[in-house]
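Both of the next two complexes hold chain A, though its partner changes from chain B to chain C.
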Partner chain A sequence: MTEPMPVISVRDVHVDYPGHPPVHAVRGVSFDLFEGEVVGLVGESGCGKSTMARVLTGLVPRTEGEVEFLGESVEALGIGRRPVELTGIQMVFQDPGSSLNPRRRVGSQIMDGLKLAAYRERRRLAELEDLLDDPDLPPLLTRTASRSLPDQPKTPAEWLERVGLDAADANRYPRSFSGGQRQRIATARALAAQPQVLIGDEPISALDASTQARVAYLMSTLAVSQGTALLFISHDLSVVRLIADRLLVMWSGRIVESGPTEEVWSNPGHPYTKSLLAAIPAPDGAGRLPAMPESQADFDAPPVIH
Partner chain B sequence: MTRPQLTADVPVRRSLTRRIWRAVPKGLRQPLGAVALLIALAWLVVCAVGPQIAPFDPLAQDLPRLAPPGEAGAVLGTDELGRDLFSRILAGARVTIGLALLLVCLSMLVGSTLGLVAGFFGRWVDEAIMRFTDLVLAFPTVILAMVTAAALGASLFNAVLAALVVSWPQYARVVRSIVLGLRGNEFVASGRLLGFSAGQSIRVDILPNVTGPTLVMASLDIGTAALLLSGLSFLGLGAKPPTPEWGSMVSQGVTHLNQWWLGVFPGLAILTVVISFNFIGDALRDALDPGAEKA
Partner chain C sequence: MTAVLRIEDLSLGIRTEDGLRPILDGVSLEVQRGQVQGLAGESGSGKTITGLTVIGLEPNRSEISGHIWLDGQDLLKLTGSALNAVRGAKVGMVFQDPSTSLHPQLTVGSQLTDHVRYHLKVSKDEARDRAVQALDRVGVQGGRATLARYPHEFSGGQRQRIAIAIALACDPAVLIADEPTTALDVTVQAGVLTLIRSLVDSLGLAVLFITHDLGVMSAVADRVAIMRHGQIVENGLREQVFTAPTHAYTRELLASLPGAKGGLESRADLARMFPDGGLELASPEGLEL
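Showing the complex of A and B:
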């Protein structure tokens, strides 16, 4: 049996924000993300989840460690255009109020994703043509592949229908949509690019409880249906539990526990995870995260459990 | 049977006028704002057709000298060379307002471009541009404009250049701060993730969100620009005789204190332009500010 190749592999990543003193936001994180899986990254506010998401997309430079996307090192975004090899990683952000450009019709914003997918498809065909002359074995997954599946939406209107909105909404501006609808549109925009990886950085945190689970569910179903790996970041375990195959529990810049969702859920090993679970009220999405239990809070290096 | 036709006709007309009325910013729908709008529009019309509607040739010196208003057919009187003041004010609108508009456009272009580049690229680019901006802003506006105009030599074009030197930095500063705020927006980041180049990002995500506030600022600046240019001409650093420029007309008035009309009427012209354009700028700003909309 061959080991499946991770789409993203993160090795001992550290991130410091400059300052006096510098903030050690991420302190040695390692994990793999495989094709088509849904992984939940949970942890309290300020533990470094967004920083991790931004490192994976290159929006924030890492201080140490390695992030590889299909074997390609992910470098921080400079002033220039993002390398097309890395556009297979897309992201949906937290704030529905600023995740879309207020001055552009939503249809044209979804078009950005479709255009990128088309561009990557052309690149892949060109790569394949080159490979015909190459005596070496062609790789199964190429980085620029957009893996265009037959039943994928081809227009912004189709994408809007796919995320539960109206085809006619393409001509409307973001301000006329609710927060939940905007996050659906942002999801459509990112997934239209046919990425291998979608990162959702607390995409449901700003939504009201009744829409949270629905948007989370939509994101994961759509990602899974097109084979996109989803890294779903949240501080709310009760919703993440519903969609994630695997959980990563982050605390104070480190991953303190990881494993299949049910295992972590029914048999938490780390004290932080235990208090996280204990604090979950009814699964209405309104769950608040607990602080670290007193006895553990002073530990500089938290115990790590795998 | 004419009645149904009437009722079918009237609502259409009403909704059209109402739609136009609705498009006018709220601040200009109040009586005072409407007056300001009318005055500004009237001045723009005068800019276009001023010399044509003037009762006399603004340069002809064939009326009695220093005639008070109403005498010899000169509604606003004549100057010391026997030129009709009213005609000169009408012809001067084109010079003063036209150049003010030119100045505002140039400052907006130069200032916003620098502010945009500084705000978007940050780091040393930002550092360099903003240091330069602060340097210019450190000088008193009028004095720096005067010195520059004097160094360039007195001419209307040089007066515009000199005024440009002092008026672009405010655009740079404001646009930079807007761009800095925008750059932190998630849609800008997601555009970059979707492969936008810096140029695309600026064109698609930044510029459309900057133009509104910048145009408002420009409209607020038209009055100030007219005042600055008139001021330079007043000091003899702008328009040269016999060009009918309001600022230089006021400065002639100062030397004839007994003939009050020489200074008062061109002064009033400047005043109405400054006030009416400021009013429009204010109304536009309020219309664009979502907080003010609710109040």
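Showing the complex of A and C:
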């Protein structure tokens, strides 16, 4: 049996932001993302997790290393429109109040996603026609492949219902929805493009605590049901561990620990992961103050891979 | 025990073109010396407005009824200089984001000494001494040299410590802390929570601690009030509220949280709690989206 091909493959990526001195935001990060899996990328502010999200979408150029999406390199974006092949990578941002266009009806914004899926499907068909003459058939999974599965919503109204809203909401503007509802709309818009990869950059941080788990769960079930790999980036481990198959813990631009969620959660190996877990206050009424990290000296320890 | 701060039947509405929009509805709360009274609720529940009203920072066009007792005075009856004499001197306040609550163009020293000199009428030198003491108390090292530095030279956690030092520089009896750790990383938050708790225990400070984060609430509060739609639906000792909540809303709030008693622990719990995959917008008790 051949190894499954990762949809995203990140190899030794470094990102420096210019400045005096330059900021080394990411210092040698490598990981793979596979179809239909949910991976949590967790860490605190400044650890480089959002920079990683931006590198994967080409929003930030990398200084070194390689990012491959279905076997082809993801280059940083220029000033033009994103190449259609890369629209198989979609993103949901932290604040849907600023990522949705306030002056367009939500239905038409979801339509953008549907059009991308249709466009990639057309490109794929055209490619297939070309291939009929080609004796050396390349892999079936290509970057232009859209993932139109039979039971997927076909219209913005159907997508709104898929995320728990009303079909009639398509004619409303983002401002008339609550934060959680807007994040559902942003998720619908992203998934309507039938991406191979969905990146959520702190998608639940701006929501009320009681709705965080619900929206995270919705995102993960929808993504998994259409075979989309979900990279869920968050500083809040307590919610991420509920939905992620695997965890990547980042500190100071590096992945310091990675492995199956339950193993990282119940048996953290790296000093930083231990501190991070110990600092989460549990809503158990015990009146226990969370532990402060004693020093950062041993955070430079080699990464732990479960 | 007597309450240092007593909020009694506080109601607040905002006049709009469509009439009075109710924000707070009969809120009553007491904060005792040496105690942290938590006030938790979701966004829009009225918890922040409650804190702001105590120090006379209620929104424009508010109509207020009720009493806020501090030192035998009803703060709601105070205006102008009488109110100024209370703000910062008898009640200190710490806000969520120290990078906006601190003035970026003023040194830490001047932000620490200006109100000390205003309220306590002390000399410049004495005010500086007090400022250094106040910084020392919150664990910001560096003595007098620190006073000449600007907020941007400090990390987020240190800035919030400085904001706490400013709030406590005049030795107020009451500290209102509105989401003081929400903008901080959890490892930094742990330090600030530990600091607030130790100030309460060592100085006998009375703290009204406002947060949406029930984990944080569980770590620092002695008593916990749960607020919803401008009303306090439950108020009790921390352990009771977290382990044997009496109100259905509190129970549902806790059930939706990872790490709470009966809360979410695994993906199986998610599947049980949201059988339709998280589609529904609101639960029976109306936790809204």
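Just so it is clear, the second predicted complex is superposed on the first by the 282 of 306 C-alpha atoms of A that agree within 3 Å, B and C clash if a C-alpha of one lies under 4 Å from a C-alpha of the other, contacts with A are read in each partner's own complex, and residues count from 1 in each chain.
Going forward, a contact is a pair of C-beta atoms (placed from the backbone, for glycine too) under 8 Å apart; a residue touches a chain by one contact, two chains touch by 3 or more.
Just so it is clear, the structure is predicted and the values come from calculations on it, not from any experiment.
Chemist: I'd like to know which partner A:E44 touches here: chain B for first, chain C for second, both or neither.
Modeler: In the superposition, A:E44 touches chain C alone.
Chemist: Kindly classify A:P6 by the partners it touches after superposition: chain B alone (first), chain C alone (second), both, or neither?
Modeler: Neither partner.
Chemist: After lining up the shared chain so the two structures overlap, which partner does A:G269 touch, if you call chain B first and chain C second: first, second, both or neither?
Modeler: The answer is neither, since A:G269 touches no partner chain.
Chemist: After superposing on the shared chain, does chain C or chain B touch more chain A residues?
Modeler: Partner touching more chain A residues in the overlay: C.
Chemist: For A:I79, using the defined touch cut-off, is the partner it touches chain B, chain C, both, or neither? Pick first, second, both or neither.
Modeler: first
Chemist: Which holds for A:S238: it touches chain B only (first), chain C only (second), both, or neither?
Modeler: After superposing on A, A:S238 lies in contact with chain C but is clear of chain B.
Chemist: Now for A:G253: first (chain B), second (chain C), both, or neither, which partner does it touch?
Modeler: Once the two structures are laid over each other on A, A:G253 reaches no partner at all.
Chemist: So in the superposed three-chain picture, is A:P156 touching just chain B, just chain C, both, or none of them (first/second/both/neither)?
Modeler: Neither: A:P156 stays clear of chain B and chain C.
Chemist: Could you say whether A:I89 touches chain B, chain C, both of them, or neither, answering first, second, both or neither?
Modeler: A:I89 contacts chain B only, not chain C.
Chemist: Under the contact definition given at the top, report the residues of chain A touching chain B in one complex and chain C in the other.
Modeler: none
Chemist: With touch defined as at the start, can you tell me which chain A residues reach chain B in the complex?
Modeler: Interface residues on the chain A side: 57, 59, 77, 79-82, 84, 87, 89-95, 98-104, 109, 112-113, 116, 119, 186, 189-190, 193.
Chemist: Give every residue of chain C touching chain A within the complex, in rising order.
Modeler: Chain C reaches chain A through residues 42-43, 156, 185-191, 193-194, 197, 212-222, 238-243, 252-254, 256-261, 263-267, 269-270, 273-274, 277-281, 287-289.
Chemist: Mind pulling up the chain A residues that touch chain C in the complex?
Modeler: 44-45, 163-165, 178-181, 184, 208-211, 213-215, 217-218, 221-222, 235, 238-239, 241-243, 275-276, 278-293
Chemist: Which part of chain B faces chain A closely enough to touch in the complex?
Modeler: 121, 185-187, 189-198, 204-205, 208-209
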